[in-house]
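All chains are identified by letter, namely A, B, C and D, in their written order; residue positions are counted from 1 within each chain.
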Amino acid sequence: MNSFGRKFKISIFGESHGKSVGVTIDGCPPGIKLDEADFLSDLDRRKSGAKGTTPRQETDLPEIISGVFNGFSTGAPITIIFKNEDTRSKDYSKLKEHPRPGHADFTAFKKYNGFNDYRGGGHFSARLTLALVSAGVVAKKLISPIDIRAQLISVHGNSNIEQAIDDAISKGESVGAIVECIASNLPVGLGEPFFDSVESVISHLVFAIPAIKGIEFGSGFKAAQMYGSEHNDLILDESGKTSSNHAAGINGGITNGNEIVFRIAVKPTSSISKAQETFNLKTGKLEQLMIGGRHDVCVALRVPVILEAVTAIALADFFLISGLNHLTNT
Amino acid sequence: MNSFGRKFKISIFGESHGKSVGVTIDGCPPGIKLDEADFLSDLDRRKSGAKGTTPRQETDLPEIISGVFNGFSTGAPITIIFKNEDTRSKDYSKLKEHPRPGHADFTAFKKYNGFNDYRGGGHFSARLTLALVSAGVVAKKLISPIDIRAQLISVHGNSNIEQAIDDAISKGESVGAIVECIASNLPVGLGEPFFDSVESVISHLVFAIPAIKGIEFGSGFKAAQMYGSEHNDLILDESGKTSSNHAAGINGGITNGNEIVFRIAVKPTSSISKAQETFNLKTGKLEQLMIGGRHDVCVALRVPVILEAVTAIALADFFLISGLNHLTNT
Amino acid sequence: MNSFGRKFKISIFGESHGKSVGVTIDGCPPGIKLDEADFLSDLDRRKSGAKGTTPRQETDLPEIISGVFNGFSTGAPITIIFKNEDTRSKDYSKLKEHPRPGHADFTAFKKYNGFNDYRGGGHFSARLTLALVSAGVVAKKLISPIDIRAQLISVHGNSNIEQAIDDAISKGESVGAIVECIASNLPVGLGEPFFDSVESVISHLVFAIPAIKGIEFGSGFKAAQMYGSEHNDLILDESGKTSSNHAAGINGGITNGNEIVFRIAVKPTSSISKAQETFNLKTGKLEQLMIGGRHDVCVALRVPVILEAVTAIALADFFLISGLNHLTNT
Amino acid sequence: MNSFGRKFKISIFGESHGKSVGVTIDGCPPGIKLDEADFLSDLDRRKSGAKGTTPRQETDLPEIISGVFNGFSTGAPITIIFKNEDTRSKDYSKLKEHPRPGHADFTAFKKYNGFNDYRGGGHFSARLTLALVSAGVVAKKLISPIDIRAQLISVHGNSNIEQAIDDAISKGESVGAIVECIASNLPVGLGEPFFDSVESVISHLVFAIPAIKGIEFGSGFKAAQMYGSEHNDLILDESGKTSSNHAAGINGGITNGNEIVFRIAVKPTSSISKAQETFNLKTGKLEQLMIGGRHDVCVALRVPVILEAVTAIALADFFLISGLNHLTNT
């Protein structure tokens, strides 16, 4: 389903070339200061325009159509929509027959018996991440003073990010990247054993972001090469502070008060300027496909703010489930 | 919560040193051939006793107490319990004050205000994976002819697994490992965009297994170092078969008919024979802790069958949500 | 929460005097013919203007902003919004202090710590039933050929409805009523034992409609005065047809193929033209309150189409949960 | 599904003639004093043996197999099972072909393709209400000091209950009844608008009890005959106390601090001593059926404690959702 959360529950909707994309946040407590200007900074970080991102120009102005009154959340569902403006549908008519490699064109066509909106990827478009970022803005306010920061740490295996982008542009290629996210100032006790472990819920939401191929917490894949005596984080005091943080701030699925740290792998953008082959569903033959339009060279450039958003959404849900809220917390 | 799934819904319960651990499976369709003997093979793969695993001896005989009649599932909830027999509670009394590094002792104590059953980790015990494996046995039958196979591919960075285990034993250490899982013979169309992507649901369940630190699908973390033209899997025919499988059989969160492939990182067992320091919650001082009892040198040795189980559970849920069931499928 | 359903899942949002009210329907299968004109007939039945309903004039034109492409549902979430136009906020400023008897003003104020949008009842407004009726239109299409019909059977205890309305108008009063709903052409097997019985899910949704005080299925409260031999419906043939229908087409929570029949009690509209006393939250005194604005004399006049809608929503969810859909059904 | 609740979540399982029936309660906070003796009083009220109830003798001793340690809830799932002892399966073999009027035999057979356990109604047996009563015992402790009392107010339309029972016994009949439930000492603010109104959730659970045909809150069906000025409950003070209680303590789906009052209609027991006709699924003919075994003359005699239980379960869930718990509450 297109919704997530038990108490801080978000539902997303919309298509790349439909009328709007948007999100409804149900379960947000009353009394959170909120207006449309609060969204602009995070939306701007997600926005197109930077080197290596598509020049599609959207104003991306959020419109809050419910749930906020006199500048505060009311406790009723908050719905935020973004009108689609720069929709060049003619660019996409070919996709009906030519599923683009790496995209959801083929799977969507099969799953929805050909009724899916294929224009610009339709509902599968990364444009839906506007909804995630918006919900993240509300979640961040709710979980304050928890602080969440994500950043690109390498592109195409290179920590000199600008150089890697230039190289890809010059080759008509796209490139993958690694993004790291750190949440700090956490209470002990968020999360639950087994199915609602902090790692379970964060990874669930992280893989809702298009193009993610892997996630690792704390020591991550390096843990597979470590001894137990190296890996164990020694508890130093009553607050739960540990000597190292291989556990990524989580034991038994529950926050231990140390930082939550995780990294994700972002694949290279599937749309590239080079010619590719694909199967033509109509002719039944392999054919060459040139993907027109304008696309991100490195979709990961937009990912940090989205990653912060889904992490905040996960923590907001745990926060409320635990009976905490921003009023009692501050 | 201790339940998961929308249509194939599992709820687990129990503690390491309580009366029983068990699972209820709600939503399993009627007509699946099922008796207690069907569980033994997978339970045996999970069982203690192998070199590198703890010699705790449990008979681990499943008792089906509801939902099966005349050898077939009835459509009513299936509850399976395992009586706990070899419970040496005296070994664990010290844990009340000495939270073991790497375990949930500290977080459970804080989250549950000291009311948690701390004996052997209580509800956080890996013994609860009996419940997961059992649910997996039912799920595997349901999703037939989908085939799921997981195996250890390296221990402590070494593909010579036996040698790595021997090394760890000789050092009084524990070691981490990598496990790979492959699901084949899949229909196109399982999974949903965004929150219920196949990756989201599988990773959610995978991180419900204790000791997992990372997961990567298909190209995984290597994708971060690839170009788009390398990464894209070309579609070759109408069935969706692709030339390569960097996407791990999933596009836009939905199965494309190719194999689902993923790998997970398992941390070294937290319980080790060496002395460790930890904070004593009663005295307020750092103290040396020797963990008695008998423990796995490499917990990952038990993980493949658990990993298969949770993958089967995830696919069974998608399967039923899609309106498929084992009768229409076969 | 403001959402309902497991597979046909609806989420409603909006306030009486906010920008919009609306609904998102998640889980609707692809291929259902759908455009905005399809909603007009049911929306018209709900609309204000009839004798005994408030003259508030809303155009109530639905705008489908996602999930429909080329005239068919796509399988992605369908969001439908209604802009609020005739909002006279000044009428309502007094409500901040004077909770109206019979309304949610007091409970909303307390629950949301005074942050609720109190204008016209805010999120508690019956205007939100636009969202229910719209979801009902989609649900009715999905469950075709099941047919659902609801009608007023008495007003103020009188089957001469017009006379009862005239009497109430002349007295400055409002009046209650009974509405009956019948669903026919049902398959055997919708619903589940215990928590998801057909009666459970229908009544859950029925009590989501404002002003409902009771529901009874089949023999209803008369069953309390019957003998078993009178009440039992004898099964006549293999299709499950019964000699009588005291069971309302449901045994053990599951449809038996006969008609689902139920009746609901609707209370008199809480807003009346007469002066009433209420507690002033600011002055701490009982004061006289005159409710301005224009209000329904008998809110039940609008209820039949809403009752059909929620019944259709309940059945649509059961329909999809059972693995049926409109394509396989027709 | 066989589970209910968002934070106080119960899952029930078992069959009349299987090994056990039981319940898992997930989400119960730690620190609630709980042992097996606590269940006996409510279980005894539900028990067979009273005049007008079946003489089937079950010891009905609850066994807590998880979630309780040292006499207190731990925060982990609480599972309680009841072994079935007095199971005379031979009595029921005929039911495979002869669906009993008023029972779920026919619908279960169709829904589960003949795989259902038909012995004594299988999973549809009223024996599953043991699970509801047990969960109710825990819920009542959790919501203390809220007090819930249900009682029979009439049998077969007669407030002289004993006489009505004697009359039915003498005729070989069964009889219906009305039960009333009152919850007092409530906080303001439990429940939510629309789908999770207090009436929605209570009625959902009430219709999970077998044999219920109707429910009405406060003024109930009489509201349909009232004027608004009669029905409105005037608010008298800051606590929300009202002059009358037609609203049953609920406005806009949310508790207003006054008593929750509702009544339910219970149908006559479907199993009667008289001969009845039914359709034989094997011979395809109408045949006479004599239901052997021993049955309740008035199943409603057992209902009050079950009704209290489901009301407590509903309130416990609202209680926890609202961030309250028994420790902060007392």
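Assume contacts are C-beta pairs under 8 Å (C-beta built on N, C-alpha and C of every residue); 3 or more make two chains touch, one makes a residue touch a chain.
Owing to the predicted nature of the structure, the values given are computational and were not obtained by experimental measurement.
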Checklist entry - Is the C-beta contact count larger for A-D or for A-C? => result A-C
Next on the checklist: On a CA-centroid basis, which chain has its centre farthest from subunit B's?
Outcome noted: C
Checklist entry - Taking each chain's centre as the mean position of its Cα atoms, how many Å separate subunit A from subunit B? => result 26
Checklist entry - Just curious, how far off is subunit D from subunit A if you go by their C-alpha centres, in Å? => result 44
Checklist entry - Approximately how many whole Å separate the CA-defined centres of subunit A and subunit C? => result 36
Item to check | Where subunit A touches two or more other chains, by residue | outcome: 1-3, 6, 12, 76, 111, 123, 193
Checklist outcome for this item: Within their complex, subunit D touches subunit B through residues 1-3, 9, 11-15, 18-22, 24, 26-27, 30-31, 63-67, 69, 72-79, 81, 111-113, 115-117, 122-123
Item to check | Of subunit C, residues touching subunit D in the complex | outcome: 1-4, 6, 12, 99, 101-104, 106-108, 110-111, 121, 123-124, 128, 154-157, 168, 171, 173-178, 188-189, 192-197, 199-201, 203-208, 210, 212-238, 240, 242, 246-248, 251-256, 265-272, 274, 276-279, 281, 284, 286
Item to check | Residue ranges of subunit A in contact with subunit D within the complex | outcome: 6-7, 76, 193, 320-321, 323-325
